[in-house]
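Just dropping this structure here.
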Amino acid sequence: MKRSASGLMAASAFLLATAFGHAAEPFNLAIPLPLTGGQAKFGEMMKRSYEMAAEEINAKGGVKGRKIVLSFEDSQAKPDSARAIVEKLIDVKKQPLIVGEYTSACAKAVAAVANERKTPYLIVASADDSITQQNYKYVFRQNVPNAYYAQGLVSFLREKVQPKTMAILYESSDFGTSGAADMEKWAGKLGCKVLVKEKYEKGAVDFKPILSKVKQAAPDVLFMVSYVMDASLLMKQIKELRLDAKLYAGGAAGFALPEFVDNAKDAAEYVMTATLWTPQVKYKGAKEYADKYKAKYGDFPSYHGASAYSALHVVHDALSRAKSMKSEDITEALKKTKLQTAYGPVAFEDKDGYQNQCFSETFVLQVQAGEHETVWPYAYANKKFIYPFPRWRDRK
Amino acid sequence: MNAAQVEVLLQTLIAGVLLGGLYALIGLGMTLIMGVMKIINLAHGELMMVGMYIAYWMFSLFGIDPYVSVFIAGPLLFFLGILIQKYLINTVLRVDSILPENQVILTVGVGMILASAATIAFKSDYRSTPVKYGTSAFYLSDLWKGSPIELSLSIPWSVSFLFALAITAGLWFFLQRTDTGKSIRATAQDLDAALLMGVNVQRMRVVTFGLGSALVGAAGCLFIPIYYLYPALGGQFTLIAFVITILGGLGSNVGAILGGLILGLFESLTATYVGMGWAPVGRFVIFIAALLFLPGGVASLLRRRAFGK
Amino acid sequence: MKKPLIPLAVLAVLAVLPFSGLSTYMMHILILVLMWTTIGMSWNLLGGYCGQVSFGHAAYFGVGAYTAGLLYFKLQASAWWGIPLSVAVVSVFAFVLGYIVLKLRGPFFALATLASGEVLRITTENWNGFTNGTLGILIQERTWVAKTQYYYIILAITAFTFLLVRRLVASKWGYYFVAVREDQDAAESLGIDTTKYKTIALVVSAALTGICGAFYTNYMGFIDPHIVFALHDISIITIMIVMVGGVATQWGPLVGAGIMVLLAEWIRSIPGLGASHQAFFGVLLVLIILFLPNGIVGDFRKITRLFGRARA
Amino acid sequence: MSESLLQVKNAYKFFGGLAAVTDVSFEIRKGEILALIGPNGAGKTTVFNVVNGFYKPSRGEVWFKGRNISGLKPHKICRMGMARTFQVVKPLQRMSVLDNVVASAFLRAESREKAVEIAEETLKFTGLYEDRDVISKGLPLGKRKRLEIARALATQPELLLLDESFAGLNPAELDESIGIIRRIKERGITIFIIEHHMKVIMAISDRIVVINYGQKIAEGSPEEIQANPAVVEAYLGEDHHA
């Protein structure tokens, strides 16, 4: 009953909006994303999430009575293509704000243009620390910067594991490099010695040589920053080598995706990972979004999707509050954002050398019985963490 | 050297040999095509991706083991290769152009089409075949309780390795003993002489490209139990195939095996003792070194020795 | 030196284009077209005229880009100094590399150059202390917001390259380049020091490409190893531009760059095509190579003949 | 007897373990036409390649104009005054006939104008001037062979190496080419020629060197060679196998 009532309301809101005719000119929003090439997976997940958000917003009457009409432009993860798209959106399509992109390289290209052209740009899932350290007035970032990704994980290490030694493996990308560097700093603060720190080229086939070196070093914690398939290959080969550490921890990204568990299967069990968002997190709308996504596309989304989904709500909120549809006014409205979203509370602060940066809680997931469960911080946990866990040879 | 260091070294060597065997199979198709036709096929990795998708769908839809799919993907890729060669590459080779390399660009185009067709058809999701034996391994400590060191030998890696050897042996037999195989070798060694001997060179080229595609398709099937799959995966394997082809010697399948093993061992040892980030640098450095100092590849060393007897 | 009128006319048109009220979007695309034209023309000198098909022009592009980037990053100098400096750095680099790879012929040369680009990419990624590794180099503030200045700079570079290539090709060197392309043994026995002239072609070609790399750093404001040493997005695109436009032709690179950049952008933005634009573009590429194996300029007669027949 | 221009001293060339040329010695005197003959696969072209620098002799030496040139690169040897043609013609296919010759005329020309001048003169000399704007790929075989000679001549050599410049020509073309060779000789250019065509050889050469299986088996005037039993044997042997 309740659902149909809200549906009715939405429909009538829509009818009202169209009845008052002239206002119904749609609000076109084009979003640059990688839809082909190696990053397409993430582009696709975000695209779906944006679409889901747009549907909801439109069902509730859109932006000031105007329907949001989304379109997507494939930047192929190439900075010059991303820039071309954004130049077009700003100059030709007169789009007053930019949302989107995924890779940090593209986000940097877009951010520079947007700031030069005084057009607000909301970054959704690009991690590189430096993007919001450039004194860009018009660039906003909803996800925390890379340096904060592992915050939740570090607090877990401090309180529950107190490791003495650590090994760090990371992919050779800006994300991997700065993630590993940040973790090394944290380890120093925890009084934990880093025994091995090695990077690898994304897409490597065989990690066993490096893993046997790690095995020999026998660290308490093995921390890895990897994309999804490298993550599952790593865990599979760790299992194969019976490399026993007290804790396997991932630095968000690959380890937090459902595909990680799907592909690594039992090798993924007990693995913990930092993440920026979880489907179980007790933010309003988070579960609804996650369930809806899963119902539609078969799998839970990761934080990338949730951030994209919520970003559109943030945009909606800012546009609704903005005095006009001009870039300056939208920027002002974005700056004053205080919104509870499925991704958590969103507000943009100038803090710790960052500008217009949203700082939010990060979490720790653990794979338990083949599912990602939120285990840390306590306040958000839906399952108790399992630690310590059995050694490989004692597992079935 | 203490026991732990020995363990690391042995484990690294095992990994290197197994990796090398799989690399060899990727290189095998390339070396055949390059040896016979002297063309650079930049769609090689994409053909492997097609083979992997076949194995993936066979597994997901019908539960057919990827190792069985070798016999399904191989023939299918053979026909795909024949089509590509017959209707695209041959057409370009026939026309006279300033640079023969426009054929290469053609294969880039083919690769682009294959990769984006896969994106359209299967989305860009990462996939793998979660076979039951995916992470099983033999352990030294299970066989020998008192062993001072622990070594593991992955079952799927070993099976893939043996398959690779078997396929190479099969290919060797085909090239040495069958008429078609002999004609292919003749075409590879001396085009003019082959023409004089009445070899239907056009047909041999078509067959060769088909065969090369089938081999790399089979390699895809052997890879998927231990690796994963997504549409844009081809590029890096094309590069590996080049390295092996040059290292082993153009057109030599024994060379491809040795080239693969050398590369596998080299990469593994670099990863352990220098740093895994540098392994790809090493890959290309030995590649350039082989081009310069060993123009005929490892195969030329073998031949020289045989000649000496 | 026949018909210098056409190049002048084209230059004049290009020079007044910014006054025709083009959007900054179109200006961006045009800047990319000009940059790719220059890279294409310099590749054409080595590949088209001298016959040494390089699959590694990303190496020179990247070294140029990093010359400019590191000037800014390490010495806090203006990255614009990278343009003159890259000529020197890339020339020396190409000279050394040429010593290694120019001994090889045909597909072996192609593969060695391909590998050299990759080696540089991975080295740059791993050499954190010097290159800032995978984090790349970000220029905090680009010199200009407007496109016009960048446009004229790249236009000047393109015009200079055009003139240089044209001059070279008509000179003794040009004859020697083509002689090397057609038959190295014959050329050698006619008294042409093939190694020397191949090295000249390589160094000139590399230096011009390096200038484009330095320009890219200044224009885009951000570089990282994946972007500037890209095998597909730089090296192979360069070859495609020349092949599609017309190998060993004056205007081929311009036409090719126009197609590869403008047309690709246009196809990419066809609504509803989504991710399939790449397939579409791949098909187009295959068709061009199949029906115009010498490129659009190279097979221009064939095109006009086709249309002539259609009219008759 | 005029002075010696080129000496080959005990030259060997091995490929892998196989000897393609074994202990070959001969000299070429200024102004003469020396022919190198022998059955198919006797190693004639290998000798050429050793002489003009494509191959460094595995053992032995080659002297040109009083200087040891073994191991020098072909382009250096060419600059010293030795030019050659190829058995399989290798014109610069996509260049016009004139441009082909201009490319090689640059060796002795400072400016483009001078190079064109030399080239045009050479084309007139070889009777190709009418065809100067034809793209060389489109020339008939006879003219392509002559273009090879023209290109070599444009480098203004003292010694000209001709590798089967008469093979595949029809009788009319043959006569024309013989005429050209004679006129080249009249210009004072020394000629070293590989030829199959016995009639041509006997008509134009001053002296003949015969090799078989990479070894020199005879040397002398055309008459002497015709009467030499070893030569007859070698050629008969070839006929038996053919």
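By written order: A, B, C and D. Residues from 1 in each chain.
In this text, a residue touches a chain if its C-beta (ideal position, glycine included) is under 8 Å from a C-beta of that chain, and two chains touch if they have at least 3 such contacts.
Everything numeric here is computed off the predicted structure, so don't read it as measured data.
Of all chains, the one whose mean C-alpha position sits at the greatest distance from that of subunit D is A. Between the interfaces A-C and A-B, more contacting C-beta pairs are found at A-B.
Centre to centre, using the average C-alpha position, subunit A and subunit B are separated by 36 Å. Centroids built from CA atoms put subunit D at 47 Å from subunit B.
Rounded to a whole number, the gap between the C-alpha centres of subunit A and subunit D is 74 angstrom. Residue positions of subunit D touching 2 or more other chains: 94.
Chain contacts: subunit B has residues 98, 116, 119, 124, 275, 277, 280 touching two or more partner chains. The residues of subunit A that reach two or more other chains are 36, 40, 172, 199, 201, listed in rising order.
Listing the residues of subunit B that touch subunit A in their complex gives 4-5, 7-8, 11-12, 14-16, 18-19, 22, 116, 119, 123-128, 130, 134-137, 139, 150, 152, 154, 223, 226-228, 230-233, 236, 267-269, 271-272, 275-277, 279-280. Those residues of subunit D that touch subunit C in the shared complex are 52, 54, 73-76, 78-79, 83-84, 86, 90-95, 99, 102-104, 106-107, 112, 115, 151-152, 155. Interface of subunit A with subunit C (complex): residues 35-36, 40, 71-74, 76, 78-81, 83-84, 87-88, 90-92, 105, 108-109, 112, 116-117, 128, 130, 134, 172-174, 176-178, 199, 201. Chain contact summary for the complex, subunit B toward subunit C: residues 34, 38-40, 42, 88, 91-92, 95, 97-99, 101-102, 104-106, 108-113, 115-117, 119-120, 124, 235, 239, 242-243, 246, 275, 277-278, 280-281, 284-285, 287-288, 291-292, 295.
Interface residues of subunit C facing subunit D in the complex, by the touch rule stated above, are 170-172, 175-176, 178-179, 182-183, 185-186, 188-194.
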